[in-house]
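One structure, as structure tokens, below. Some questions next.
Here the chain labels run A, B, C, D, E and F in written order, and each chain numbers its own residues starting at 1.
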């Protein structure tokens, strides 16, 4: 009779199942179904002969869950270690919930705000030169790195065991703060870089001696601050989202109307 | 240019794969990737790549789904936009205009996905019921249902987009020059929404300095993306290591003050 | 070139307005503004603008009066300097030399203003006495007296400068080339005084990093003024949000004061 | 009989009277006379029938006062709100005095060290190209912004009322610190930018093979640090002011003599 | 080219002086200085200067001895390398290859110096004994012995290097092109060791931000060395003045964690 | 009979004797012998008639000592002041030991990580143009500045006396921290600047229409991060030193082998 003791391989397998975390995503319990499903084979092995326990364990873990999938293995590994150590269910739940938020922050910052923009920028510039390498590099680099993240965090959680967990969540919080500082820096930079608004308005100033001089408003704006118009427009959108609680739909419509009207009036280009 | 039924099916499958990949987190749901595939299928890789590049940069800010939020979907430019760009190359539609024209689709797809997530909430009770009956298989079906729906949705979008491309071309060829130019201008403004959405999720007033640093790095110092990230990292670590307690204790209360934000 | 009596009066009125504007805080007492007016009145706007630009940059550091301090007054280059530059354009005096030649006047006017402020201290006791008698009108006269004196002083300076311009020209044409060149060199050094004065008022040793940051921003990164301000803001806010109040001892208090945030 | 209750309009009017704050400036009580005068119409309305109270109020407020005029309305509005709420005179006075310093710091930094240099630089560069827009832009931009500051701070003070005043003054101190950090950054930058000293000294180095090479001292200085001479000179002046307590007159004379003598000796240019 | 015996002695003396100067802290033990001297002695100053420049930059990171550590010695390129470069100029050896060829010597000399310091430990007991006998002169001899040994060692190295230059040339001319090219490539990588050694001595994890700042300053902003130092100073002072206790409290823990470092 | 009271000149002389600090350097007591020797003349004068005391003083000071020689005079001056004030020997020793570490940090950072790289870079660039001024400037500038440091710190220690010593060592610790922050910044920058590794690998991408395009790997690396290879290599070496405790010899051999092999394979250049 095969053992119901988990071996390292079970941890790795569960880590890789993070890819399935969002397969049942919904607005009720978010990644809850997925979480239970990711854990399923390991739980099945632990409670090999005990359908009641498996049922209970799955039901417990269907509850609301939401984190960044690439850092999920850290949580699942800890979870399994604790189960094997017979940690009380309530404690496990606490830790799962405590880590979920910070890891979402860390993971989203890393994957979506740092790695993706970085490789997308490089990939796009290669694609712009007509090289198929562009999308390939993007796809391969992202997946290679994120696969590594999954495996490393999974193994790290496995090795870490339970002993230092208490200090962990505070630490994660701090690291998450750092990650969001970096993320905000990058996103702000990208916003400035990719939102493009300039004005073609010019006027002709008459100078002494019947000379004339063309004065471009855009140049004066640049003298005040480079890329001022994109910044102001992004600020406006931000305000509409934050304070006026506009939906994306309204924002897109506003932007398109503004763009078309101002372009027709030759106020922006 | 017309699209064969075989190509329509291929585009449908490709879109299904790419959209499902969004849930798998494998970054196929990006304009850069999708457009290249469509280009290959339609035998015009260069236009596919060009469209992918332009759309990727414009959707950079939208390429983010955080905490379950759903941004306009890159299938807009990546699938529909690329079809437009390739089939109408001869009629004066360049990738810029194709991008602008594909925006309504990106928003429409966003609707569809939001609806899917909402509808999928029924899966939970289905799963509970299956578990009550110790029907573990049923539970696993529920746990994988969203991604299956996505594959179907993706196929419909891809196939439909390709299949109806002729009708699409007719409609689009009616668009006057001033409008398509205006849409082009609007297209370059649209990324602002994506970035503002992210900043809205992340922003606490303590992060204002980092917003400014991002601005300086790009607007004044012309750093590349990676450079901005390195600068951000340097300063974030500076705060982390050298402001010690000040920093970490602040955090909790920050969460509280989050509501009134910046 | 000679200046008509009518122009002299106009320059007097303009100077009166600009100097009074210093008290109103409407930024008329700046070389850029005053020189343009004098240029208009004397019918040589281009020279007025050129003089205004050069003088404004040189007096940038002086354009500040803080805590009641009185810096050299821009009427020097803005009024007298511009008159010199316009009337002596033919005699080899360019705006650079005119700037240098006008410095003694700038300092002299600083004397006059300091004297006025000192003399105006008598207004206070006058106001008290008026109030004792419930003579509110008297009080209000006292409360507006300094600006009236300024208008008169401004008129005298402007009118006098214009009226005596021929004498001025004679004196100036006696200045040898080496001296006027040397004065030009000195002119480019003089702003140091203004900046050092401001730094002296503001500087605590805690601000040294910001002095260095200003230096880096200009000398190494060639940022424009606004860029320097943005960099300064980013870092000041970083200190504000993440380091608490500053100074080593204040950290504890920071913890306490944190509740009320920004 | 008209009410002696203040309405919003009285606050706005008093805010605008900030323009008169320095009309009675003197080295005795600085803006003391001005402050009383700014408040005059509002006080007149409050004590419509009571010349004694008006007299007392004015006398109280003639005392020493000094702040940045553009931020004054914040103080006057709070002052009026408190008067209407019958706040004890001593308390009002405390708050007035507590806010005066920090607001001077904030206002001077903003107006004199940030806005003025910014628009003066832009204005001067336009003027240099012969455009009358230069001085006009400078004048209009400065006054539009500073008028807005007056109105906004005035209305803010009015809305804020008295309830959170205690925490305010500490807060102002902090903001004032931030403002002076920014101010010092800008001023240092400007100093480096606008003080101009270079040396024309060169010497000829003989090289192997009878070649010769002109070595410019300025280039070596630049290699050590760009704009080193202006920085050193500004440092010297700073030292003379700070430590030696030199007056402006002495400094101007020193600079002119130095400039002329070193220029005649061809040591600087 | 051959080297006269007189030149050999001169090079020996020069090397003795330069190496002793390492202990005197007068910065003669630098490639820039030593190579220029050898160039002068051998009558080929230009090559000496070129070699000095190249070697100085390559050994920048090694030009440091901290806490008693002994890095590869610049006598390698400064003395032996320069001799090679000058004498073999005609045989296709440029300063780059000479630099690479001199590396083994630099490491060998490092051995010799380490050995000297180790051997010199006996001086201490000698000094104690001398003091026991109140033989103050003996004490003073002990206290100056290391520098004397260095002078001798330096002379031997300089003289020997010059004297055996012909044999050296023969050996070197046997080196195939691919190897000398490879050595050149390696030469440009070697400074990494020096810098990593310093960073190892200094680095605590709290200093990571400064490592990044150094990287940014050079790789992205192309600042000169002095600019990097000014940036570092600005930020270090910012930490010093504005993070107060946060900083200093960390420090203690830092000391503890120092072992495991970054 | 000459006084055995020290005068200012004795302090200056002892300060200058810092040049001899390392004349007896060894791996037993490092600068211990040197320290005693630097102090010798002053001690001799103090204990003019008392060989026993001199003997004891010298023996005491032969013990382990290690600091940056240019900042040594600060310690020796304090030492002498304290001796004259009859400070208990134990206390003197404490202060000597407490200052030794921080001053090593400050001095090494200043001299070896800031001044030397600065003037070496300038000197090397002059030398590269064939100017003998290069080495001369380097030598003169370094020695002039470091001589000034010796004299100033010596005089400062003399003036400071003993009264504020207790607070000093904490201060020194802080200043040393600042110095090492600056030092690390500069050294990291220099490492990035002077370690040079690039790859000549290229591949030919076929493009639509039978066109071909040469893609240089180095350009793609630069797009990810400038000077990435040198940074990675330096990181590797750092790791080998820190974690694997490799010696310099092994590192040099590894580097040379790597350089030669990869260059032969045309992987790096």
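Throughout what follows, a residue touches a chain if its C-beta (ideal position, glycine included) is under 8 Å from a C-beta of that chain, and two chains touch if they have at least 3 such contacts.
Just so it is clear, the model here is predicted, and its values are computed rather than measured.
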Steps in the shortest chain-to-chain touch route ending at chain F and beginning at chain D = 1
Going only through chains that touch each other, what is the minimum step count from chain A to chain B?
-> 1
Among the chains, which one keeps its Cα centre farthest from the Cα centre of chain D?
-> E
Of all chains present, which has the mean Cα position farthest from that of chain A?
-> C
Chain pair with the higher count of C-beta pairs in contact (D-E, E-F) = E-F
Whole-Å separation of chain centres (CA-atom averages), chain C against chain D = 11
Whole-Å distance, C-alpha centre of chain B to that of chain E, is 55
Give, as an integer number of Å, the spacing between the C-alpha centres of chain D and chain A.
-> 44
For chain A and chain E, what's the span in angstrom between their mean Cα positions?
-> 48
Each of the following residues of chain F touches two or more other chains, namely 118, 125, 130-132, 208, 223-225
Listed in rising order, chain B residues that touch 2 or more other chains are 45-46, 212-213, 215, 219-221, 223-224, 226-227, 230-231, 233, 235, 237, 239, 243, 245-247
Could you please write down every pair of chains that are in touch?
-> A-B, A-C, A-D, A-F, B-C, B-E, B-F, C-D, C-E, D-E, D-F, E-F
Name, in rising order, each residue of chain D that touches chain F in their complex.
-> 205, 207-208, 213, 215, 220, 223-224
Okay, in this complex, where on chain C does chain B touch?
-> 221, 223, 227, 230-231, 233-235, 237-238, 241-244, 251, 254-255, 258-259, 261-262
Which positions of chain C touch chain A when the two form their complex?
-> 45-46, 224, 226-227, 230
Given the complex, residues on chain E that touch chain B span 205-206, 208-209, 212-213, 215-216, 220-221, 235, 239, 243, 245-247, 249-250
Can you list the chain B residues touching chain A in their complex?
-> 23-28, 30, 32-33, 35-36, 45-46, 49-50, 52-54, 56-58, 60-61, 63-68, 71-72, 103, 107, 110, 117-124, 127-128, 131, 134, 136, 139-140, 142-147, 178-179, 181-193, 195-200, 202-203, 207, 210-215, 217-220, 223-226, 228-229, 231-233, 235-237, 239-240, 247-248, 251, 261-262
